[in-house]
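Below, chain A partners chain B and then partners chain C, in two separate complexes.
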Partner chain A sequence: MEARRRRGHGIFSGGIAWSDLHPGTVAAVVFLLAWPSFTSDFFTFQIGAYSLILGTIALSLMLLAGYGGMVSLAQLTVAGITAYLVAILGDNSVGVMGLGWPWWLTVPAAILAGAVLGALIGAISVRTEGIYTIMITLAIAVVSFFFVRQNYVLFNGWTGFAGVEPPTLFGIYWRDPVPFYYLSLLVAGGFFCAVAYVSRSTFGLGLQAIRDNPRRMRALGFDVALHRIFAFFLAGLIAATAGVLLVWFNGRVSPGTMGVEASIDILVIAVVGGLRHPIGPFLGAVGFVLLENFAIDLIDRERFNTVIGLVFLLVVLFSPDGLLGLWNRIRPRLRFDRNARPVAGRATMDAAGQPASARQSTS
Partner chain B sequence: MTATDALSRLQGAGRHALELEAVSRYFGALVALADINFTLGAGERRAVLGSNGAGKTTLFNAISGDFPPTTGRVRLFGEDVTDLPVHERIRRGLRRTYQISLLFGGLRVIDSIYLACRGVSRRRFSLRRARRDDEAIHAAETLVGAVNLEAVQGDLVSTLSHGQQRQLEIALALAGAPRLALLDEPAAGLSPSERSDLVEILRSLPRHMSFIIIEHDMDVALRVADNVTMMHNGRIFKEGTPTEIEGDSEVQELYLGHGRG
Partner chain C sequence: MYRTRKTLFTAAALLAGSTGLAGIAQAEDTIKMGALATLEGAFAALGEDSMRGVTMALEEVDYMAGGKKIELVTGSSDASPDSAIRATRKLVEQDGVQVMVGPLSGSEGLAVKDYAKTQPDVTFVNGTSAAQDTTLRDPAPNFFRFSTDGAQWMAGLGEYAYNVKGYRSVAVLAEDYSFPYTQVFGFLEPFCRLGGKAPADARFWVPIGNKDYSSVIAALPDDVDAIYVALGGADAINFLTQYEQAGGELPLVAGSITVDQSVLGSKGRTRDFVIGTPSAGPISDTWDDPRWDAFVAAYQKRFPDGFPSPTLFSHGYYINTKALLLGIEAVGGDLSDGGAALRAALSALEFETPTGMVTLDPRRNAVADIFLTEVIVGPEGNLVNKTLEVIPAVSQTFGLAYEKFLEYGQVSRENPPCE
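Take a look at the complex of A and B:
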């Protein structure tokens, strides 16, 4: 795909080029749409919908880390706070808060607040680079966790909230497995397409350029800090929307929803899946959810984190680009793939570039 | 004070592209720039010469804001920009290249130049893809041709040869109709034919545009510059026309005689 894009003639296309649609993509879409019709409720809801939700939260991290070079451990914090807001502004069964706003007010308000929180976290951390961004966002995640756990007036402390439900709309109860799966698929698919599209927009290209060289971007007239904060806002929007689905999925929200362990899981999902393309986080999420549900059958519950840790280590060691990178490496060897094109293209282009003498002359 | 400022701005407008007033830059105990006073007229092209470590790149960093001066003032087109961040100076018409290429390895050539054209316009945050008829795209395509990178415009920057990366550096600095460009050894590492292409590009720039070029190659420097500034040990050591500088015995001794590399 990369080779194809680099050679492509339509450098900037205004919309989505249908000719770019790979048969594999069509097959994947059909498969995802048909999924509930040939699986049980368990696979539709616990595996399917949950993977889509976790994948969407990890997608928000992919946007920041893959395109922006900023690894944030606070994306689940954004989703978690949004989940809390749904319980606080709307209804819950605990008898604390629950302002009883209608869903069409609760949901947009919670998502907007989540996105603003994302931007705020961005504003705090964008002046740092690399490991320091991780440290600051980790600190924010930890502080938020303890804050919601100790605050009883607003967040109901340890217990959190239960009885948080999606509305019944068009005569459909949206927490039923099949409708909820399609709702999650709509959100995940929508954000997936949006991120893929935006990656080639002026903002998206700028974000990737900042990742590669922030100093040069300043020298082109870009306000690097503002660009990064806007990326955090968009990522916050994605994570917050997934947070609404998360609280509907669980029916409840508690400090553990946004605990540090869970935050690290999101990082593992995104990195294992691959940060170079928006599909990566979803691959990672499916793998994670399958392991979480079925590794239990093979090993003790306490060993689960060891398994996840080992998988993480193996993928990072052998395929820095995650499962996605693994797939890209295997693909050229599969004969039936019509796009299989080994990396030889790059070598010939180099050779066709400049004569060696040009490179060696010095002042 | 403000009245004098306004007056000097009025007088400066249209006359000076750049004024440095008692600019110094320290790195710890090291004095990289010492009390530099420097004026560049609008439309003037200046070559800055000096041996390695003379402070030429530091001078550029002080002007662009990459490493602001420790003391002193910088005025761009009559406006005091000493306290402005880099991107604000760029938006006022300044551009620069870097001695060691600073590029976007993961982007394609044409996208890099497109961003350079967008950087000084509005819509930097646009979430839409540019359309074929976008004026920034036209500008990018013209520029990619001007620096002879058409053949590789769809390639990733990281796959370019050294010479091609130097050409891209120049394209980035010429994007978006700059009024003053700082060119830090743009010809270093170019082949003879690429050098003459570079000279052609610089000579064909609109006459109202000023630039300062740091260049070791006297042939390149003297063919594009109206005036020459010699630097030594963080100080300006001599200023004059190319002929004056070439004929100056002190210059001969200090610079041309040895330490050209």
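Take a look at the complex of A and C:
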């Protein structure tokens, strides 16, 4: 919540004027806002809202991996535990737990708990680097999965919880496709701007500097571990909020929601989308959700998972920066940017494959 | 530059819009039918066989029922309720199916039943999901199950293990979700009523897709007479292989999908070890009956690369698809009333299946014959289930009154206690 409030402030103080807004950005915003008006409920809800939710979870990973250099496989665990907390503190139809707290208490409590869990995961893993961070967060994800699967008193084991409903507010039932889409869009858009802002803030620049050279930053007097833990806290906040949407979207939560395969899906979404800009995870999520839903219509039903795998393989093979990198590579050829503003600067950056957001940290 | 980009966006918007609308527009003379099975994950091989059953039922009538052409749309899940709901939602809300067959596994069935209540105009017919509460408690008025549930499938096995095999205490190994709960309940209830024991600390519950059974095998107690195993697909094969390699010697009593053709038909070294294992279920490979023989022959002819003999998955999906087609035929293909007439026709439907007559109870769950079987070496050297006994017209409440049966309580890890 707090991060979102800072957004308005950030746009003005972060050196962006309205006239700076790219027409593409405006078109994208209009497109996203108008999306439910020309699509079916299915596209609004299951493609649109679900992509936004997955994209938001992947965005939390992008914040850690792209700016912090820390690849965490436990972001879905944060979202999953938050989803569980909504079912445990609020209402469910299973008859286990369900303390019946009102939504305005359940939701903030669950999100805060999720963010703290994120920070805790960070505290455990920040002293490791690279592959060891992946391993330790993978271990946390696996342990959490088996814990919720085998705990029957709190988490109701394999079955998990069903019948988790969003509240009816202002006469609107928030599970209906269109309201739920806009709710997801608000959350996703808010965090997108927040992450874009954080990347330009003092903290974000510090984080990126730590990613590039932790020893130098330590020598300069920065508390490297604290920076990283705070990044985990912020990422936890994002993932936890998406977790609330996830449980409202499915109406249920079970260990499979936060299983290892699902965690790897989040990594795939972030990597295929691109880790260099906050838009990447959302591109990845849209691609993932479309493929997941429609690959079975494209090809023989026994082979469609092969198609999904092949597409992701091709993207990573031809563009190490994911869909985002692919776009950056195609763009000059299409000559879309013939009269773009900072011509010289942008050209060199594009050649180096660096998007605008990473520019400040390296310069 | 602006124009190019705007064109791009318009094109993308149009594309998305047209695909979104495609689901709604359909010709008057076709009926869209969805089929949902687990084509991913640990039960993928079972899901494939399910689709063979659907194909057989449709090809029998040449994709025509009640004068309408039947258009099949397939959905896939990975046996988790979440994925089943996503796939169902896509079939119903995007592809616009008016009738749907599926899902395959227990907890998916519970989730689809709940979803069915939100789509009163769509008629849902079960695949092979066999959790008890899909139809027993709080059923959906538009969800039908012409296949039986997991407790019905166990009819006669508890008595057989106690009386004929002489087992007095068993260990239990099963997957940890609603279908095995239902099977364990169906087996233990008569077994324990006769005086058998299955202590709580000798019950092992593993997740679907578990690959390493060494810790379970090490923890199996020595002082039991047999192990009751209710695992399916790859899980059953993994356990049986590992138990044999570990030198396990306890005899087995098997759940319906633990020693069926999806396991027996697989290649591996479990063969000799499972011979003589008693089981029970909705089919028996060697039932000597012209209806079953015709079904097996048709399956083998159509799917030379399928299992040696149809599994209960192709059988269950076949029966449910066939029931749906008979219902559509009965109403002359007229679903214009939101399927109300179709559902009335289905409720009253009685028909011959490869395994005998099937009727429905008031909660739209099948009453059908169940087969008590034993694994033997078949005439062609492959393992098959020999029919020991046919238990006629098994109902979901084991012949008890509905209210009386509810007193047994919901199936769970501890029901029945059996201490």
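Just so we're on the same page, the second predicted complex is superposed on the first by the 309 of 363 C-alpha atoms of A that agree within 3 Å, B and C clash if a C-alpha of one lies under 4 Å from a C-alpha of the other, contacts with A are read in each partner's own complex, and residues count from 1 in each chain.
Criterion: a contact is a pair of C-beta atoms (placed from the backbone, for glycine too) under 8 Å apart; a residue touches a chain by one contact, two chains touch by 3 or more.
Only a predicted model underlies this, so the values are computations on that prediction, with no experimental measurement involved.
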Original post:
Taking the superposition as given, does A:201 touch the first partner, chain B, the second, chain C, both, or neither?
Top reply: first
Subject >> Touched partner set for A:224, first chain B, second chain C, both or neither >> reply: first
Original post:
So, A:319: does it touch chain B (first), chain C (second), both, or neither?
Top reply: neither
Subject >> Partner chain in contact with A:328 - chain B first, chain C second, else both or neither >> reply: neither
Original post:
In the superposed arrangement, does A:38 touch chain B (first), chain C (second), both or neither?
Top reply: second
Original post:
Which holds for A:215: it touches chain B only (first), chain C only (second), both, or neither?
Top reply: first
Subject >> Residues of chain A touching chain C in the complex >> reply: 23-24, 27, 31, 38-43, 45-46, 149, 152, 157-159, 162-163, 250-252, 254-257, 292-293, 296-297, 301-302, 304-305, 334-339
Original post:
Inside the complex, what are the residues of chain B that reach chain A?
Top reply: 64, 66, 85-87, 90-91, 95-96, 98, 102-108, 110-112, 114-116, 118-120, 123-132, 134, 137, 152-156, 159-164, 172, 175-176, 185, 187-192, 194, 216-217, 261
Original post:
Which chain C residues qualify as touching chain A in the complex?
Top reply: 1-2, 4-6, 9, 12-13, 16-17, 19-21, 23-24, 39-40, 48, 51, 73-76, 80-83, 85-86, 89-90, 93-94, 107, 110-111, 114, 176-178, 207, 413
**OP:** Spell out the part of chain A that touches chain B in their complex, as residue ranges.
**Re:** 5-8, 11-15, 197-198, 200-206, 208-209, 211-213, 215-224, 227, 230, 346, 349-350, 353-355, 357-359, 361-363
